[in-house]
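What follows are several structures.
Here come two complexes built around chain A, the first alongside chain B, the second alongside chain C.
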Partner chain A sequence: MDTLYIKKSDIAVWWAAIKGACDHVVAPVRKDRVVEFARVENYEEIATDYVQTTRSAKEVLFPRTERLFSYQKNGRDIEVKDFDPQSVPVQVLWQVRPCDAASVFPLDAVFNWDYKDVMYNTRRERTTIVAVSCSTADEYCFCTSVGGGAGDTRGSDILLTYTTDGAIVEVVTERGEKLVALSQNLFTAYTAGDKDSYLASVPQVFDVEKLKEKMHGMFDSTVWKEQSERCLGCGACAYVCPTCSCFDIQENPKGSCGERLRCWDSCGFAQFTLHTSGHNPRSTQASRWRQRLMHKFSYIPQRQDSLGCTGCGRCSRACPVDMNIKEHLSSIDKIQ
Partner chain B sequence: MDKLKAKLKEWLEAGEITLAIGYKQGTREARPFFCRTAEDVEQMVFSNDFQPNLAVYLSKKEVVKDEKVAIVCTISALRSIAYLARENQIGQSQYKIIHLSPNDELMIFRSPWDIDAYIEEIPSTPSEEDRRVIEMLDAMTPSERWAWWAAQFSKCIKCYACRAACPMCYCTRCIVDNNRPQWIDPWASPLSNMEWQINRVMHLAGRCVGCGACGAACPEGIPVHLLNRKILDNIEENFGMPAGIAPREGAVLNTYKPEDKENFIK
Partner chain C sequence: MCNCKDKNIYLPYMMQVEKVTVEAPGVKTLRLKFKNEEEGNAFEFRAGQFAEYSAIGDGECTFCIASPSTRKGYVECTFRQAGRVTSSLAKLEEGDTMGFRGPFGNYFPMEEWKGKNLLFIAGGIALPPMRSVIWTALDEREKYGDVTIVYGAKTVADLVYKHELKEWEDREDVTLITTVDPGGETPDWKGKVGFVPTVVGESPINAENTVAIVCGPPVMIKFTFPVLEKLGFDKKNIYTTLENRMKCGVGKCGRCNVGKMYVCKDGPVFSAVDLAELPDDF
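Coming up: the complex of A and B.
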């Protein structure tokens, strides 16, 4: 891994070179009261005055709604148009936080578990992730408790750490090297070794290894009912989450043509596990809340060698009733 | 506040209630709080501006079933309870309805019907910021207004937090959850997001109390409550029913009187 340095005034120059070399750059922009990822044409559009975007960057790899295939009936003939990998743009995901970059591990795992998802994998192959270390954090952040950190490089192709007059550039992958090669002359070697002094402090609040072990035996605990009592059962937490990957398959028929779609779904909804018979194995919000935490901290780690949470804190910020996941996990950690 | 806490403790200790639903300080703002002991009650906080509207929990069976409940109400929650009672959603349950008036007077309502006179003294008015946006929207042409809302709803992720936070959205099967037939496309898309909001707002027309919990709940910051507020304004203009007034004769769009000037229903 190369560690380089770029001057502040050169970052926009490099950005323009990147913009010219790919189909789209997706970066955080301010829209009214929220900051969201969107396609950006000019470097100046990129938001800087925020801790975290409302939604995660997962949409770039796993959109809210996407077409699996479409069809057209002509008499007895049916023409099926499959997903075309060539339609996927070559993208650079610019200025994600390290906690968003880290979300590629659980996403990669679930979309390659047994079936290799062509749509996800094509997007993943064609997306270069440029993350930016966090110089600020807020009280919802807990990346350091789930194996991450304000300057963590995992999942990034390049990690930038802004200094007072430029940025430290950690080139993590070959994809990252290609971006640097676009403007090789703008980079110099970095030797100061003072990266940590530019990072936000995010205190660790629990030991995730102990927590995982403990949660493994907590299926019948009363804690789920206690914690979920105020939960209203909406899907905000799952939809803003960088790692939640549950989806629904929907038909959109229109006479002789139509399409099959994949769209986000959430285990917080009462209907998520409702059977045709009327039976619902997760009939209470307590059982749905248990599923949310167990999935992230027990089931995914058991099956996929990855955690289902990167500590971004988005679910807590988005929740209408302040279900603060960091607080809930800490209180589980403290149960004797 | 001390009077309110003392009353709740008294009820809990005497076994008159088993659960008090109120607020406590959350991460940044107040959050709903479920108290079962006198020690819990000490942590309670209250302001009439707090969100969400706690009346939303009264129609959640898994929360209130088998409990003797006291609910700490903001003025908005009182209005919601008056409507829920008219719609037979409170049932025979004897909730203790407790409130601190804006001048810090402790009020206990023995039944939802006792709320009417009190809430009618206090008009339901939007915030200055909301009024400003409504005026800006009113000044637009219909196509400009459509474009403004379309841009807002392009952010909608169909998390249904607006529905979940609304005390009047208590249907056991919401129109969007119905799939035979599928009235509204369940995936997020510009058209279906708009269809969902239009349905939500129309189902609440004449029933919404203007508490703003839907807009406060939206993680994307879409001011969905302004659609409801506009309908409250329209109802006042057309039917002379001010926003938030008690539905003494039923919700304004759900009732018919022989002297109504429209005769299409006869």
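Coming up: the complex of A and C.
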């Protein structure tokens, strides 16, 4: 892994070269009181004064609604048109946080653990992730408790750490090297070794290995009911989460033609597991809250060798009734 | 590089409806043939696996493959008209086109059952997953010991595969016990009257060297397992299939997740031992 340096004034020049070499750059943009990822045309549009975007950058790899195929009916015959990988744009995801970059591990895992998901994989291969270290954090952040950190490179192709007069550029993958190669002359070697001094401090609040172990045996605990008493089952937590990957499959017919879509879904919805017969294995919000936490901290780790949470804190910031996952996890950690 | 060769796992095969059979009120069997002959020739599955069937324009739903794996060139599904997609599938006529994705999930370990007696216990619409295994076993009858089938439905009208029930009844190498719930009998009903678990408990069943395959609604399964254990069955010789709600069928959409298991990948076939390890979430 190369560690390079780029001057502040050169970053916009490099950015323009990147913009010219891909179809879209997606970066955080301020819209009134919120900061969200959007396609960006000019470097100046990119937001800098924020801790975290409301929604994650997951949409770039796993869109909210995505066509699985389209069809045309001709009398009794039906012609289907497959997904076309060439329709997927070459994108650069600019300035995501390390906790967003780390979300590619659970996503890669679920979309590839057995059958390969060609839509996800195509988007993933056509996306270069440029993350930026966090110089500020808030009370919702807990990346350090789930194996991440404010300057963690995992999942990034390039990690930038802004210094007073420029940025440290850690080139993690070959995809990252290609971006640097676009403006090779702007980079110099970086040897100061002071990256940590530019990082926000995020205190660790629990030991995730112990927590996983403990949750393993907690299916019948009363804690789920206690914690979920005020949960509305609105699903906001799943929609802002960078790792939530559950989806629904729906039809979108328009006369004799149409398409089949997949759309984000959430295990927090009562309908998620409802059978046509009326039987619902998870009929209470407590059982659905349990599923949310057990899936992320027990089931995914057991099956996919990954953790289902990167500690971004988005679900807590977005929750209309202040369910705070960091607090809930640390209270589970403290149960004797 | 983009792995464009990889198949789109959500793209269904196009199938032609070859035959429609009305089994009972609201229950139909469709025989489907691959429109693309090459795909049909390459298609293989094992008894117990399921698939996603689609009425293009209305959506997909999950049924087991009801035809035996020993018969090539077609697949069959039997379904109860229950909601949107099943209602749309029920409207299909011979010659119409529909979608099919599969086979998915695990299967009954029939290789391990060689030389053993087979006891099939099915309730209601749950005979289809069983039918695939029953015919697969009967097509290779010499591999197995005694074959006993206990099948129950709410009423006489609700019994599916009536034609095949007759065939099984007439065979000397099959013992068929049919039952209907109390009140569901007709004046000329010759089978038993009573709930499936009770009928199983009262039947001359020998647990020795026998594998029990139980399919039915959750309550039936719940009450049949203890009866079998009382008859001397070991948990590891009792099998069932689970019907969690599913969408993708391929371990992605998260819907069928129960504990660390995904019913669409690790199931739908589970032994009573596996089942006892699952959290009570299905």
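One rule holds for everything that comes next: the second predicted complex is superposed on the first by the 334 of 336 C-alpha atoms of A that agree within 3 Å, B and C clash if a C-alpha of one lies under 4 Å from a C-alpha of the other, contacts with A are read in each partner's own complex, and residues count from 1 in each chain.
Definition applied: a residue touches a chain if its C-beta (ideal position, glycine included) is under 8 Å from a C-beta of that chain, and two chains touch if they have at least 3 such contacts.
Computed from a predicted structure; not experimentally measured.
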Q: Scan A:Asp82 for contacts with chain B and chain C and give back first, second, both or neither.
A: second
Q. Residues of chain A touched: more by chain B or chain C?
A. C
Q. Regarding the shared-chain residue A:Ser306, is it in contact with chain B (first), chain C (second), both, or neither?
A. neither
Q: Pick one for A:Glu327: touches chain B only (first), chain C only (second), both, or neither.
A: first
Q.
Once chain A of both complexes is superposed, is A:Glu36 in touch with chain B (first), chain C (second), both, or neither?
A. first
Q.
Just checking: does A:Gln250 make contact with chain B only, chain C only, both, or neither of them? Give me first, second, both or neither.
A. both
Q: Could you give the residue numbers on chain A that contact chain B in one complex and chain C in the other?
A: 248, 250
Q: Using the touch rule from the top, collect the residues of chain A that touch chain B in their complex.
A: 31-34, 36, 54-55, 64-65, 139-140, 229-230, 232-236, 238-240, 248, 250, 252, 261, 263-264, 266, 269, 271, 284-286, 316-322, 324, 327
Q. In the complex of these two chains, what residues of chain C are touching chain A?
A. 1-4, 6-12, 14, 54, 56-60, 82-83, 86, 95-97, 99, 217-218, 243-245, 247-248, 250-255, 257-260, 262, 265, 279-282
Q.
Can you tell me which positions in chain B touch chain A when the two form their complex?
A. 26-29, 31-34, 51-52, 56-57, 60, 62-63, 155, 157-161, 163-165, 177, 185-189, 213, 216-217, 219-221
Q.
Under the stated contact criterion, what part of chain A meets chain C in this complex?
A. 68-69, 71, 73, 76-78, 80, 82-83, 85, 110-111, 113-119, 121-122, 125-126, 219, 245-251, 253, 258, 260, 262, 265, 267, 272-277, 279, 281-282, 287, 291, 294-295, 298-299, 302-303
